[in-house]
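One structure follows; several queries about it will come next.
Each chain gets a letter, A, B and C, in the order it is written, and its residues are counted from 1.
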Amino acid sequence: MEKFKAVLQLQSQYRSALSYGLITLLTAGGEKIFSTVVFECPCNATWNLPYGLVFLLVPALALFLLGYALSARTWRLLTGCCFQSTSESSSPRLHRAFVCMQISGMAAVASLTWVAVALLGGSFYVCAASGSTLMATRLCKNRDPGCVDKLPQVPCKQEAEMLDMQSELKAQSQVFGWVLIAAVIILVLLVKSIIRCISPISYLQLQFWKIYVEKEKQILQSQATEHATQLAKETVRCFFECANPNECKTPSREAWEQIS
Amino acid sequence: MEKFKAVLQLQSQYRSALSYGLITLLTAGGEKIFSTVVFECPCNATWNLPYGLVFLLVPALALFLLGYALSARTWRLLTGCCFQSTSESSSPRLHRAFVCMQISGMAAVASLTWVAVALLGGSFYVCAASGSTLMATRLCKNRDPGCVDKLPQVPCKQEAEMLDMQSELKAQSQVFGWVLIAAVIILVLLVKSIIRCISPISYLQLQFWKIYVEKEKQILQSQATEHATQLAKETVRCFFECANPNECKTPSREAWEQIS
Amino acid sequence: MEKFKAVLQLQSQYRSALSYGLITLLTAGGEKIFSTVVFECPCNATWNLPYGLVFLLVPALALFLLGYALSARTWRLLTGCCFQSTSESSSPRLHRAFVCMQISGMAAVASLTWVAVALLGGSFYVCAASGSTLMATRLCKNRDPGCVDKLPQVPCKQEAEMLDMQSELKAQSQVFGWVLIAAVIILVLLVKSIIRCISPISYLQLQFWKIYVEKEKQILQSQATEHATQLAKETVRCFFECANPNECKTPSREAWEQIS
C-alpha cells in the first residue's frame, strides 16, 4: 500500500514530464508507421519536393493545432475575450501573452518531435531534396553531367552512384535533425531560465501556489457538481409535481466572470 | 478503487475526444478493409472515373447521414417542429441554426475521415484519375503519344512507365489527403475560436452549465422511469380488477413542449 | 457493479441500433458464405439470367417475410382483425397502416442488406448480366462480332478479353450497390424526418411514452402470469374436490379486445 502511494505521489510530481514523454513516444511511433506504410516517394522531378515537404510539415502543423485545441487553457483564455478586451488595463494583457506563449510551447512539443524524428529517419528529406533544383546544383558539383537528370530517381533506384547520393542526403537529414533537437532544448532552457530569473516571487512560494491552484480546481469541481445536482433535482421535481419552484441561490454572471 | 474512480472521471472528462478517436479508428479500419477486399479497379476508360468516385464519395455521404440519424439531438430538434415554427421569434431560430451546425460538425467527422484515409491510401484516387480526360492531358504532356490510350490500364498493369504514372497519381492523392486534413483542422479551430470568443458567458460558468445539463438529464430519466412504472402499475391493476382507475397526475402536453 | 449497470443501461438505450447492426452483420456473413460455397454460375446462355436473379432476389424475399414473421407486432395486428375490421372508424385504420409501414421497414433491413452486399460482392450480378440479351448489345458495342456468343462464358473463363468484361460488369455491380445503399439511407432519413416533424408531441414526452409502454408491457406480463396461476389453481382444486368452482373475476372478452 505504501509502495502504491509512493508511486502515485511520484506520478503527480512528474506528471508533466510523463505526459511530455508519452506524447513524444506516440508521435515517434506514428511517424515510423507513416514513413513505412503510407510514404512512397514518387521519384518524379515535379512531385518529389512538394510530396516530401507535405509529409514533413503538414502533420507537424496538424499536431501543433491539435495541441492548441486539446488544451483547456486555450478555451479558458478565449471564452468571451471579444467582449472584455477593450476595458482592461495593460497588466492582464501581459499575463495573457505569457499564458499564450506557455500553451504554444506545450503544443509545439508534438510537432517538433514529428519533424525531428522524420529528419532522423531521413526518408522524407531525401525525397524532398532529390526534387529540389537548389540541392541538385550543390550535390552534382563534382559528378558526371547526367547527374541532375538522374537525381529525382535517387530514392527509388538501387545503383552504386544513386546509393552514394542517397546516403549523402540521409546524412544531411540526420545532421539537421540533431541540430534541431539541440537548438530547441537550448532555446527552451534559456527562455525558462530568464522567466524564472525575472520572476518577483521565490521558488518555494511558486511551489505553494502551484499546489494551491491544483487544490482549488479540485474543490471547485466537486462543489459545482454538488450544486448542479441539487439544482437539477429541484427543477425535475417541480416539473412532475407542478409546484412552484423554490428559488435556488446561484452565483451571478458577474461573479463567474471575476473568478474565471 | 480510487484508481478506478479516477479512470471513470477521466473518461467522462475526455468522452467526446475518446468517441471522436473511436469513430476515426473504426472509419479508417473500415476503409482499409473496403479498399483491399471489395475495391478492384475495372481498368476501363468508361468506368474508371465513376467507379473511383463512387468508392470515394458515396460511403462518405452514407456516414454523414448515419451521423445525423444516430444523434439524439437531431430528433429533439426535428420533433414537432412543423407545427411550432411559425409562432416563434427570431432568437430560437438562431439557437436552432447553431445546434444544427453543431450536429453537422459531429456527423462530418466520420465522412471526412473516410475521404482523408482513402486519399492517403490512394487506390480510389488513382483509379478515378486514370479514367478522367482532364487528367490525361496533364499527365501525358511530356510522354509518348500512346499515353492517353494506355492511361486507363495504369492501376492494373505492372510495366515501368505505368508504375511511374501510378506513383505520380498516388503522390497527388496523398498530397490532397494531407491538404484536406490540414484545411479541416484549421477550419474547425477557427470556427470554434470565434464561437468561444463571442460567447457572453465565462469559461467556468460554461463548465458549470455542462455539469448541470448532464445531471438534469440523468435525474429526469430516472424520475420519468419511476413515474411511468407507477402509471403502468395503476393501469394494469385497473384492468384486472375492473375498478375505476384513479386519476394519476401527469404533466400536460403544454408543459412537455415547454421543457423540450 | 456500477460499470456493469452502465453497460446494461447503454445496451437498453442503443438496443435498436445494436439489433440492426447485428442483423446487418449476420446477413453480410451469410451472403459471403452463400456466394463462395453454394453459388456456381452455370455459364449457359439460357440459365445465367434466372440463376443470378434467383440468388440475388429470392433470399432477400425470404428474409423480408421472415422479418414479418418474427415481429411480435405483426401478430398483434393480425390476430382477430378479420372479424372487427368492418365496425371500425377511419382513425384506427390510419394507425394500422402506420404500424404496418413500421413493421415493413424493419423487415426490409435484412433483405436490403442482402441485396446490397450481394451487389458489392458482384458475383450474382456478373452471372445474371452475362446471360441477358439487353446487356449483351450494350457491352459488345465496340468489341469483335463473336462477343455476344462468348458473353455467357464470361464468369467462368480466365482469358484476357473475358477478364476485361468481367471486371467491367463487377464495377457496374458495385456502383449499383453503393447507389442502392445511398438511396435507402436518404429515403429512410427523409421519411423519419417527416414523421417526426409532423408529430404533435414533443421529444421528451415521446421518450416518456416509450418508457411507459415498455413498463406497461412488463407489468402486464407479470400480472397476467399471476392471474393465470391463480385461475389454474382454482380450476384444478375444483376438479379434485368436485366442489363448485368459485367464480373467479376475469376480464371479459370485450375488455381484452379494447386493450389490444
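The rule is simple: contacts are C-beta pairs under 8 Å (C-beta built on N, C-alpha and C of every residue); 3 or more make two chains touch, one makes a residue touch a chain.
The model shown is predicted, which means the values in this text are computed figures rather than measured ones.
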Arrangement of touching chains [line / ring / star / complete / other]: line
Numbering shared by both copies at the chain C-chain B contact, with half separating same from different: different
Degree value of the rotation bringing chain A onto chain C, based on Cα positions, nearest 5: 65
Central chain (by mean CA position): B
Separation of chain B from chain C, taking each centre as the mean of its C-alpha atoms, in whole Å: 26
Mean-CA-position distance for chain C and chain A (Å): 49
Multi-partner residues of chain C (at least 2 other chains): none
Residues on chain B engaged by chain C in the complex (per definition of touch): 38, 40-44, 46-47, 50-51, 54-55, 58-59, 61-62, 65-66, 68-70, 75-76, 78-83, 220, 224-225, 227-229, 231-233, 235-237, 239-242, 253, 256-257, 259-260
Chain C - residues contacting chain B, complex: 17, 120-121, 164, 167-168, 170-172, 174-175, 178-179, 181-182, 185-186, 188-189, 192-193, 196-208, 211-212, 214-216, 218-220, 223, 227, 249, 251, 255, 259
